[in-house]
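This report refers to the structure that appears directly beneath it.
Chain nomenclature is as follows: A, B, C, D and E, assigned in order of appearance, with residue numbering initiated at 1 for each chain independently.
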């Protein structure tokens, strides 16, 4: 799961990020105080239910969030290849343009929508080269585009195709090739394989991981398929209702979740092996941004909720029982309350 | 390429041949654009639309319809003599006239022309009586024979434009033939200089038989509609025209009071040349009551003619004063003196009451009725003819006040309206008078021989007046060989119309006429009424030949 | 490639005594394609499928995208007419007259994938439930309709019914919407409920709720349920029998646990190895990469043969019949299972 | 109904309301009837004065009264045109889109032919043979105008129906055995309402314009003065050339205002159909500029986190496997 | 290619329908050229015989409608539209002299409006709620004010009272102008001067539609992921805008074709108001004069032009949109 070449060097640090949709009285808060760090060469998984703010977080960090999204607080520091630390929220348009794609690229959820339907593949592959690698000649760019296609396992004779002439899997591969064109430091992937079927999905993910090992970029991988993340990611962040509720190493999370929501999520995926047992998932449904429950947003669905959960919003903290630096936002873990058994598993135990 | 001198006198850079001097600009009918057709007998050629046919093709005589007693002015013909009980006319032609291609003009051409309109009635757009036979006595004398007395229709014979036989004999369907500028060969004072769809220019014919005209060139621009023409007129771009222009004093005269003129400078500004009447359909299916003379006369008595003249016609026209149907301002000399001023400018309810009661009607809740039926009909006129539309509404009001059941029916489409009128598909309608002689004017409202059954088109007597006495009187006029008996017959017809009132005289219709003497002098006006200026082909030829450039 | 090659006798689906509620015999659907000036070409979307759905069972249909799962479901509802084949309800063949088709709609119901679009945003929950009641149960009178509608809501665990009955779809969460869709299906009192990926658009946390509801319906209403999905784990969770489709054909079927624990067909094996599984420890190897075949011009023989790591000559020429895997219900259409050919197997 | 918040839409609705009111009560509150005249002799229009607020026309009609009276027919006809055209476009568009196949081909061809025909000319030709009773009847005129104005709507509705036809709720309705017409009428049409409204408004605007032109060209027979008729008479009686503005400016302004009001309302409907247009408005006047790829940063968030921020997560070597 | 062929098939069908409709619609009309001619012949006392003869000629023939129809279609194929009853001469001559004016006026105005409006729409859409949004209400005004009112307002303000431009006729035909039709400076100058106001009217009335439509499309397109991708790639702003514009223009193109018949309607009105001498005035005069051959001719020419433009727009669409090309 994890590879040996893990460095501690942070490449993207997000602190206290707040994002609103709308300005003034019509605004609603979509992300509250999100703090996390992405290290070089690391795969950071971002999981959570639909609407929990995964995409919002990713786009806000890159300043690609569309209107009416507004960043209302926090900072995002990007460490460039050359060791320069850029605050993305303070950067001007030129700086952002310089960093984008060259150092930080994005793979969107649906490649069908993310590829310009009226431009040929080669044009879309080379336009970033043209913008960022002014010294390259047209031939070099072409050669690079062909190379990129080969990299993701597509025959280069597809260069002159239009997106609609490719299958879904091929399109997503093209998208990935595009994201890697400038060998960026960080690739943000927003549900890059949800629209594909499992075989294709796995093929693409395998290729992606190989490329990551070869090129050494870090990935923020967004999905709601937690079981996929558990196989894929080094670190996993779980989001609920606009907040990070748990952040842990993938293995730790799988074996010993500390937040009731993480626990519930893990219990929502039927297993491929073993005894067939009835599972219950999580009762109820996620809250709407405009009607957030008081206190801990999860408390109405939480089987372990206590009175305090209704009043106080828990903060991300290292669970009292753990020595590691994993964090969870749950009152039950502050060392004062008795922790229910499912949330108190020791590391290394099995589910 | 060489257009720098285009503003220099002498015209366009490309045309060296264009006549020198300022061009006279005339305008008659708005058209979007011209098509190159100078056919004088077609109903829709440039000449017909713009009244310029006789700049090229000429008539035998010129007629000044402003004065019914004035003798025809000799033109291609020197004189015409009637014989054989008004059934034969011997015409003596002026000698020495040549066609513009150099060929001699002879009696054969006149014979050819009258034979042609006999064999092809559709070519007879001037309404000349159909000959029974023609003969040429010598190169300057031609004899036309008719089946019936036709002296009364001499105007139509006189105004027939004469065609060159040597060109037209090979044309199979003459009224539909397209005559291009190059083939427009006539005896007239002008030749086509240049044709474009927006502007036709004529140049003086240097070998014209009366001598080269003083006006060297005549321009005929196309104006898409009345507004465009009025605007051009106000700017002084047009010398001679006849448009119905609202606020003509402000819009036209006021722009250059020194040069811009109308017939007179006092209301009604224009010569009053025909009788506008309220045509009443004597055979109306909706309102059979209109077949009764008493009802028609009661209607006449109920009208406020002055109101229509002032408000609807903005004082351009005068209220009619004679019940005999003739136009007092121009026909005074031949009018039945007993009928002078017998029409009142305002309504006379007492007269209405006595006429209606006399006819057996009683007033039931304010409406004249007989056998439980009111006199109910519509006054139909086209919306776009705003003055008539106004009149129709006013008449409806007046008649309603007087106890009739009348509404105004403003037809949207003039074309449909005139079709309805031609076919007798209406009850009542305001319509201008037609005809250029007193006799023709009376024929237009009352000659039973010229009407047609309901449902078939008629060109005259649209009110379908049918009275054998009238037929006899019209015949008597045609047969009269001396002026006195002719006048006596005319008086009788007027008296009959006054008694029967087949249609109700309303107003004296104006001949629209505007001119500017900034560039040319010699225009007719009230002080010098040598010709009726109404846009009419022959009249304009006559006027243009009288003009001279201002030095 | 002819149909006679295949095992004519095998009817997939759970085996239960008695007549199955719904049975499909040799269903085939070819969609005509309009491409270029070449006419008469068809998409072989569903080929020769025989399936029996006994009451009180859940049959899962799994397979990759485009394998014909939805087409099969729609064929069973008679939304589309089969090119050939036969449908039997309680053992009786159905006609194709308009009346019989309407009759069919009261027996077989389909729940669609996307609860956001399967309910019409302009109608209330009440309308959605009362329409089928009016149409099929001839329920009359406001009171009766209202009572029946409430009862339906309660059956899908939307309680109290008052809270939901007059809401509009946009006021409900995805899981609630899907429950309403199912309730509408129950309104006609069907024998058979077809569910085309009923949970794939739902949030993971609420998926199980809907699956559990289907499970209860099987138990309580004795419905015959067809559960279409591409998530083999959920098929295993819910279904009695799993049917695997590939390129329009059923290539394997059998008891759910057996299929996932010991898949026989190379494609099923591929599918399982690709499915995410956090408890997997060793690196998986995908055997059979590549794209599914064109359905306009399907390959000769076994349709999986171009991708199959074990393909033999016979696989390229003759279509494998459904062969028993271990004597039970488990069958797979693979020559590897044929004693005549197994010897040639490489793997 | 978020659209209601837009000042444009609000202005439009208020204007429309005023004019609708005018159409209804105008004829009742007008000081005089349309054919009332100050006198029967004068022919010089009176300039606006204390008695005749908008002066008089040549025949001494009170222009103010005519304008008040003239709204009803204009609006009624345009409204009927909009209504009939919308109904036609629904019938053709939805049927074509939903049934597809040959029906679709035929109906689409029909709509396209009507699109290619220049409406005004067709109307000129159609209006001509109508008997006067009909060309004076707002319902007939409205219906005839609609005949040339339905095709745009039909095309838009067809495209939209094609999209809706594939929606699952249509499929679901089929599954429970709904009949075709019921699916079209109760499942598809309600979802087309915003588009219907927009196409209705579009046709009403078209109707006003074309009716004005038809009156101007004298093809409409009417005794009640519509605004177009007042303009037409003013122009043909030379009011423009002598600057009698009070005669033709008020009706022209009324027409322009009604048209603008409708278009403003359509703005709101557009935003309902396409909510993305609304988001384009957000933040206006609040000092925030939204630019693609430059998400604004407004540091207004209250610091929910106290000074003691938990240590950011950083896995250690020991923990990682 | 196939789509285009199918479209072509439709156009042939539409053209044929127009031809047929044209024939029968006009047979339904009351009145005839006859009454118009009789009206013109005032001043002469026509004998019943002449009236009869004229009726034969202009009152609509008496042969069977069917045989008339075939003669009509046969003549059409030979380019013979008959003879105008109000203007004399073949309808073809009228058309050849007047159509170029209309095409020149409407064509240039429409193209200018389309290009300028589209560009403005792109900019306004791109800037979203920039100060340019203030243009929208103004644009709305011009879009919704009927052509007639707009034309009159333009004529009054810039023509009659303002005196900036002439407002009647196609070029200066006054006696001192001495212009010769052709490609010479003064003539073209005069044509441009006279064309300005009507062209401005046509352009103003339609430009608003393009601006608003393009702005809306632009805003919609900018929400597409591929535009965001272009921004995410760090491409220069104008390149990002170009990606959006390139996609947004496709619907604008089909709208362009759709709106042509509206533009035609509007330009007829404009020609009438500005006394411009083109086929718009022709058809109005033809209707008033009951000149059916001319009416038919103009109608056909206009319908064919609209169809041709639609076909061109179809071709352009197919060329610009690879997805459409695939089906083709």
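The criterion applied here is as follows: a residue touches a chain if its C-beta (ideal position, glycine included) is under 8 Å from a C-beta of that chain, and two chains touch if they have at least 3 such contacts.
Bear in mind that the values here come from a model prediction, so they are computed numbers and not experimental data.
S.K.: Could you work out how many touching-chain steps separate chain A from chain B at minimum?
M.R.: 2
S.K.: Under the document's definition of touching, what chains do chain A and chain D have as common neighbours?
M.R.: C, E
S.K.: On a CA-centroid basis, which chain has its centre farthest from chain A's?
M.R.: Relative to chain A, the chain whose C-alpha centre sits farthest away is B.
S.K.: Based on the averaged CA atom positions, which chain is farthest from chain C?
M.R.: Chain centre farthest from chain C's centre: B.
S.K.: Please find the two chains that have the most C-beta pairs touching each other.
M.R.: B-E
S.K.: Averaging only over C-alpha atoms, locate the centres of chain B and chain D and give their separation in whole Å.
M.R.: Roughly 49 Å separates the two chain centres.
S.K.: Go ahead and note the Å separation of the Cα centroids belonging to chain A and chain E.
M.R.: The computed centroid separation for chain A versus chain E comes out at 55 Å.
S.K.: As a quick test, compute the distance in whole Å between the mean CA positions of chain A and chain C.
M.R.: Each chain's C-alpha centroid was found; their separation is 33 Å.
S.K.: Can you list the residues of chain D that touch 2 or more other chains?
M.R.: Residue numbers touching two or more other chains: 128, 219, 235, 241, 280, 283, 290, 292-293.
S.K.: By residue number and range, which residues of chain C touch two or more other chains?
M.R.: Nothing qualifies.
S.K.: For chain B, what residues touch not just one other chain but two or more?
M.R.: Residues 227, 231, 384, 413-416.
S.K.: Provide the full list of chain pairs in touch.
M.R.: Pairs of chains that touch one another: A-C, A-D, A-E, B-D, B-E, C-D, D-E.
S.K.: Show which residues of chain B lie in contact with chain E when the two form their complex.
M.R.: Contacts found on chain B: 1, 3, 6-8, 11-15, 22-23, 25, 31-37, 39, 42-46, 48-49, 120-122, 124-127, 129-130, 153, 156, 175-176, 178, 196-199, 219, 221-225, 227-228, 231-232, 235, 237, 384, 413-416, 418-419, 421-422, 432, 434-436, 440, 443-444, 447, 450, 452, 457-460, 536.
S.K.: If we count contacts the way the header does, which residues on chain C are in touch with chain A in the complex?
M.R.: So the residues of chain C touching chain A come out as 64-65, 173-176, 203-209, 212, 215, 230, 232-234, 236-237, 256-257, 260-261, 270-280, 284, 286, 288-289, 291.
S.K.: Which positions of chain D touch chain E when the two form their complex?
M.R.: The touching residues are 8, 109, 112-113, 115-122, 124-126, 128-129, 152, 155, 205-206, 208-210, 212-213, 216-217, 219, 228, 231, 235, 240-241, 248, 252, 255-256, 259-260, 262-264, 267, 270, 274, 276-277, 280-281, 283-284, 289-293.
S.K.: What part of chain A is in contact with chain E in the complex they form?
M.R.: 62, 64, 66-67, 93, 96-102, 105-106, 108-110, 113-119, 127-128, 131-132, 162, 164-165, 178
S.K.: Going by the contact rule at the top, pick out the chain E residues touching chain D in the complex.
M.R.: For chain E paired with chain D, touching residues are 10, 13-14, 17-18, 21, 25-26, 28-31, 128-130, 133, 136-137, 140-141, 143-149, 152-153, 156, 160, 216, 219-220, 222-223, 227-228, 231-232, 240, 258, 261-262, 264-265, 268-269, 272, 283-284, 287, 295, 298-299, 302-303, 306-307, 310.
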